[in-house]
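Presented sequentially are two complexes of subunit A, the first with subunit B as partner and the second with subunit C.
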Partner chain A sequence: MAYEGEAAVKLNKACAGEGDRVRVAKGSAVFEGILLPRTDAGGGECLVVKLDNGYNVGIGAKGAGVEKLAAKKTVLEKFASKRMTPMKGLPEVALVATGGTIASRVDYATGGVKMVLTPEELFAAVPELEGVAAISSVSTPFTIASEDMTPREWAKIATEVGKQLNAGATGAIVTHGTDTLAYTAAALSFMLRGSKPVAVVGAQRSPDRASFDGAMNLVCGAHYAKSNYGEVAVVMHGTPSDDYCYAHRGTKVRKMHSSRRDAFRSVNDKPLAKIWPDGKIEGTNAKARKRVDGSVMVDAGFEEKTALVKLYPGAPAEQLDWLTDKGYKGVVIEAYGLGHTPTQTFEKNKSWLKAVGRCAEEGAVVAVATQCLYGRTNPFVYVNLRLMGAQGVTYCGDMLPETAFVKLGWLLAKFKDPAKVREELLKDYAGELNPRLTEEDFV
Partner chain B sequence: MKGFKCGVEIHQRLDTGKLFCNCYANPSKEDAEAGFKFARRLRATAGELGAIDRAAVFQAALGKTYNYDAPLEESCLVECDDEPPHGLNAEAMEQALAVAKALKMTLVDEVQVMRKTVVDGSAVGGFQRTSLVAVGGSLADVGIQTLCLEEESSAITPEGYRLDRLGIPLLEIATAPEIRDGGHCREFCEALGLLLRSACRVQRGIGSIRQDVNISIEGGSRIEIKGVQDLKALPELVNNEVERQQALVKLKGTKIKASPVGDWSGLFAKSPCKILAGKKVYGFTADCPGLLKTQMHEGKTLGNELAGYARASGAKGVIHSDEELSKYCLQDFPKKGFWMVCADNAKALEAVRARLLQVGEGVPEETRRADGGKTDYLRPLPGGARMYPETDVPPVALTAALVAGVKQGKSFEERVSGYEKMGLGRDLAVKVARSEKAALFESLAKAAEPKIVAAFLTEKMVELRRKGVAVDEIGENELRELFKLYKGGFLTKAGLEAALEAVVGVPPKEFKRALEEKGFKKLDAKQVKALARGFKGSFAEFMAENRLRVDPAEARRAFQKKAD
Partner chain C sequence: MAYEGEAAVKLNKACAGEGDRVRVAKGSAVFEGILLPRTDAGGGECLVVKLDNGYNVGIGAKGAGVEKLAAKKTVLEKFASKRMTPMKGLPEVALVATGGTIASRVDYATGGVKMVLTPEELFAAVPELEGVAAISSVSTPFTIASEDMTPREWAKIATEVGKQLNAGATGAIVTHGTDTLAYTAAALSFMLRGSKPVAVVGAQRSPDRASFDGAMNLVCGAHYAKSNYGEVAVVMHGTPSDDYCYAHRGTKVRKMHSSRRDAFRSVNDKPLAKIWPDGKIEGTNAKARKRVDGSVMVDAGFEEKTALVKLYPGAPAEQLDWLTDKGYKGVVIEAYGLGHTPTQTFEKNKSWLKAVGRCAEEGAVVAVATQCLYGRTNPFVYVNLRLMGAQGVTYCGDMLPETAFVKLGWLLAKFKDPAKVREELLKDYAGELNPRLTEEDFV
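This part shows the complex of A and B:
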């Protein structure tokens, strides 16, 4: 945001611009320092000056005298960067950077955290990475916040990772924003057909902070990427401490907290491994898939006409009608409990039976996952489940709603026949279905 | 003293909720409870101008892991750096504005919250949030430069840090370098302390107010001495620092050559010195025998001074040839000339060696820690690059309406004279104004006669506490109810004082019934008369027996009547 009104006029008159040393006098007070860009959080008429004692203050332009003291501009926003020198003898790991908090730092123009960090700047914040793995290739297919990501970006990431793995990398690290990181991890789990380790890592605190959590996530991610695991995993803090990370299976993980470092949790499964920054790895899931060296096939199709709909009391079934009318080929309903949906409501039009039936009749695949997240759906226990089952829905078992959505879209791009898609939906591709849930598999 | 410059920074905890979350803590009052434990590592980061602060580099290079204890009642995810800060606490800002007005300062138009890099672990996020609220102003003959509203740091524990203290609002008031000497420094700090206690809601007790003193002399450098708590130590502290800088200035130009730090373990394998025998011992030699005996000030040599650098790097200390070696059983140590050793910590000895080689340059800029009247090296003086904006908190506009709504904090004298007008004698008025009960007194003053309320709060309650009565369980509502009962004629004055003990643990609405049961209810004139009539003894004996329920004037009248 630029300076406005009286602030802009006075700055123009004084020929002063951002980075110049200025003196702003107001009443008996005089403020001397470097003129900073205007943040968008306040009004545009407040001059922001960084004083020599380090403080920034806002001084209203009204009634203030502005004088430029020195033309010498301070160069803003210069950050250290480091080019990785792959160390001989270390396994080669590819890094694919996509944006997110892990690639962000304070932006003085907007006053917010912005994604501007290059991988080289990120390496400067985590120099120890060089001693863990030889970062053989660094690619940035795009830089975007994870909330802005669409399935098209999943395909780009999968293609890039596949290319690097087939070019000889032992494993790969994908840096990513945390909000939709679990969706991308699920997508990569389906799209990368092979058994090499891919660590998807993010950060809850940006690298401009001394408490940057992504440093340990990256280091542990690098350990995972050169390990003998053969799956896509989310590698993030295991506890609020900087002690170890968990590698969570890409199809069984969810961001369960908006801000904690250990926000990611395995749901209906155990994490694959505990990874310490010194390289110690402790397996925590007996069913973890092992590495198989060889080529990785990239199967990055995704049917964009796939939707995820969450039920809530009184939710209008017209939502589904709208999707049907728009030609959607697959819908995952995030239903209640065992997979319950409104079927016998007092007001007939609040029942979803008819809308689901119509959607299925039009050739779309309607899948049901539970918004309980933990536990599995069941098609038979209550009559409502059976009524809806008769309309042709597929109950997704213990698959997370997000994973079910990703898998459905991916299957719809592979198979044209809805019956085949329904059948494949219940086939385990990447550990997304856990046939055995134990007492331990809950919070 | 030529070129003497001295200014102070006062840090005062406010008695409001925390600055950026909804927790409240008063560590000087509450016993610490153990909470959730976690450990973090901090890294040096770049400031907004791209530079990494030298103090931050120094700390980050230590590569420490910090242990935290987060009491669940007094800290939340915000202190743990696991949740973004909430908006700046408006109540704390009001207190800051009241003080700014009392010090006749100029407010900024928009308060920008900054992150001040602190990577010694005391702030979990690696920075302390701070904001400049006002500039310019004065108190007595000393100019005030800045008033900042910032977060308190964590409390240090043997294991690491405890987070109850972290985030409590602190007012940081910095003066111009206009302090004339140690005595003036003490006087000024006392005056400012009184003003703060009078002008806003402050926490009381150990650690709730701290002074940092900045001192330089001609040819010396700016030294920041942190954490002075005992104002009585200020004159000695200031004098010692002046002498220390003078001594270092005299050493300017001294040329020293030293050997690199080497592994001397072999020399100590069978040493009679218990501190070093069998340890990994590092050592170096230098061409400056006797130099470390140079006195800095009374009770401190250059050797002690240098050992502070070793301690700051985690070593217990160093041993060198300018010391009385027989106390270490090293009188027969074979090396000649000057040498210095340190057990198990090469980094610490490197730090001392580097400082020794700097001796010829004079006084290095430092942050030092106060220990009574003496100081010890803590870390290099931080530069300006340690501040960058706290982007998680929007700036706070100090609008005319907001500022007008805040009353100027009363000065100490204004408060005392106000109390005098309420009928308190000068001594009692000063006592109340100085005490932490001032706000409580003002709130309760109208519940009974102000004089009685004041004496009750500042004297009677202290007396009862000493007797072991749980007076801290008696809150404002309980006191108000007691004063109401007294004012309404249900209690005598003696009864009021004794009743406090009788109602501990009783809810206020039950007071009347409980006190009646315990025989506290004041007798009316008729009852007193009847009681006096049947009493076989003197007036004094009668009062001794019935003082809690009989008004002395009433009793006197009854005895008069009986005699008539």
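This part shows the complex of A and C:
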């Protein structure tokens, strides 16, 4: 929606539009920055300016003087085309936009946040990106809230990223809602066979807020995408402040807080790197994979009949029977501690042990991860675990339950033989298995 | 099993038995400590002595000299009776033993760990307890691995603890396997209506290992049980060393590591206190509830048709339909981020939104907690959340999903009206809702 009323009149007079650098004077206050799209607040008569310090300010047009200082940066114009001419001297980075808070704004009709931002708007909001990398292409395969993402969308993102990397992009940035961002990062880690940097970034705060974190995450993500790392990483704030981001290995990261800007944490591994918005990168994980030239193979299959089941005291084993009856090919049980599953439930003769045995007999792969999240399963310690192991259960070591789910579904699409899948589950594909946990890998 | 062969002969000659203080000399080495039950290693011919520094040592009986220094402490004899005469001057603490690693040992037949320890053996292994509190009663309502615990066992433990507290005990210690210890602690927090200290303790390492943590946890648990706190708390190691324990509020604690001794962490709250084995207690939470004299009411009902369902991308909404069809009265959805639930799945027209609506229509209570674990749900931010709210969903704020599950099952047994249950879910019963999260409440 365009600016209206007095705002439109004044912008028109100054020949200024979205993305232009403007000066707005009102009373004794003077604001300089990039004109952002209207936010629906104030009926389109409130000029929204992104200041150089990163804050957005809204200024009522009434009584304000508007002056255009510079035309919008060329990069914004490029943004509209699918394939863009990269800026000279900067590495080419592909951007794949999928929705989420990083691409959202407040809907003043309901008071909630809605996804409406186009890539152009997103870029207009983060002009800092321009000096960092040349965005060589922009794709929006779909715009979806991250809670609505399914493995089908993972495949679309992987396919698009692979295409851009093979077309010559140095690396890629995927913008994504934060809720299932870590699941997608794990999926891309498996689905993109190759060693190029892919930064998955999101925002915990919407772009209309002063605390918007998406801009810095995008900038740090761009630094990562042109770096010499060769993995899929989640690039998000490392602290509640705007000081640096962490690049977390895509298979070892989890959203651990519902609202904080530093919500993402590496679990059972160290982050790959600390990245400052000015481009400084400090490696923090000796086992980080490096960039390897050559093409990226996209292996985006996923067996949709894969489930994740979290245990709790009294959980009915029939839950698993139901999945077996539905023809599920793989189930990750988010069990207790070292991998414990109850051997008894409320109903006599309806044990998890039996249900697991039946599920495995039907040819499904049953894997066990720990709901502790930190630490690893260890099937050799307790008698009950050995009984379970005898039913054909595969213990996932230090893999996160979420990563185990993604990996299992991906393997089931690759290999038809359950025995083979069980074997491959315990092979490291993308850093998802850390053979040596250290003290610092815990909170 | 008793000691055998040369060990039995030498112990017999020295008139020494389990629990006695002995000196065992072999070659140039001399070991002094409490004789523990045999561990099955060395065919019963290996003397196991708990040294004063807390370590257990095994000494082959062959060539060893055995001398009895003191008869086993009287407290061990008391331990056999259900109601014991408390030691003079020490507060009376009731012990309820339920199994788990704290009451386990290695089964050399399978190489795994088995639960076999009786309370007597447990006490023999932790003679340090004697100076801390008078164990006025010992109950073993059942011996069960914690992964096999169900809400039925929670009720038994609550009933027993309540009985002992009302019979005059100053406080209580519950020994428990660590896997579902936090679930039980939450259950006891709701089921015991009153303000007396109840310490739930476990061990992450078995008693045959030098790194056994159960002894210190028990001692710190005893200090808590005789303190002026008035809540159910999980008392476990605060660091990987044997320096101090934390008393975590029973409703705000989670096992966050599969194997570390400091696996338990307070989530969205500060621990109640730091407790040192010498009895020093440092309060760490200004909102800790204090002991209140008077009887404890046991309210141990639990609606068994209560479920916990964790979401993941592609999760079938039919899973919820299945619970609805099975007559479930309450479901906690472990959703994403601020409480997001997918509005679409693989199958068109089979959305979670519809399934939630149907479940609520059938009279069940659907509650939503966050799989981030840290932070709170916030139904007012996103459009999808508002749509869900319109289906009658209750957002659980900063309650852990596990605590929300326990509370929902408990409330459903108390109140028949779903509207009333939804209302009560958001009332604080046992510190499960923290209205003000601070910086330190995250990792």
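We adopt the following convention: the second predicted complex is superposed on the first by the 351 of 443 C-alpha atoms of A that agree within 3 Å, B and C clash if a C-alpha of one lies under 4 Å from a C-alpha of the other, contacts with A are read in each partner's own complex, and residues count from 1 in each chain.
In this section, a residue touches a chain if its C-beta (ideal position, glycine included) is under 8 Å from a C-beta of that chain, and two chains touch if they have at least 3 such contacts.
Since this is a predicted model, take the numbers as computed values, not measurements.
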Could you tell me if A:P240 is touching subunit B, subunit C, both of them or neither one (first, second, both, neither)?
both
In the superposed arrangement, which partner chain does A:L308 touch: subunit B (first), subunit C (second), both, or neither?
second
The chain contacting more residues of subunit A, comparing subunit B with subunit C, is C
Now for A:P342: first (subunit B), second (subunit C), both, or neither, which partner does it touch?
second
For A:A8, using the defined touch cut-off, is the partner it touches subunit B, subunit C, both, or neither? Pick first, second, both or neither.
neither
With both complexes overlaid on chain A, does A:R209 touch subunit B (first), subunit C (second), both or neither?
first
Is A:L90 touching the first partner subunit B, the second partner subunit C, both, or neither of them?
neither
Scan A:G58 for contacts with subunit B and subunit C and give back first, second, both or neither.
first
May I ask you to decide whether A:S28 touches subunit B, subunit C, both, or neither, giving the answer as first, second, both or neither?
first
With the two complexes superposed on chain A, say which partner A:R261 touches: subunit B (first), subunit C (second), both, or neither.
first
Subunit A residues where the subunit B and subunit C footprints coincide 107, 111-113, 240, 258-260
Residue numbers on subunit C that touch subunit A, as the complex places them
107, 110-114, 145-154, 178-180, 183-184, 240, 255-260, 263, 265, 304, 306-316, 318-319, 322, 326, 334-346, 370, 372-378, 380-386, 402, 405, 439, 442-443
Which residues of subunit B touch subunit A in the complex?
36, 38-46, 48-50, 52, 56, 60, 65, 77, 80-84, 106, 108-112, 114, 116-117, 119, 124-127, 130-132, 135-136, 146, 148, 384-389, 391, 394-395, 397
Spell out the residues on subunit A that touch subunit B in their complex, using ranges where they run on.
26-29, 31, 39, 41-43, 46, 48, 50-60, 74-80, 106-108, 111-113, 125, 204-205, 207-212, 215-216, 239-243, 258-261
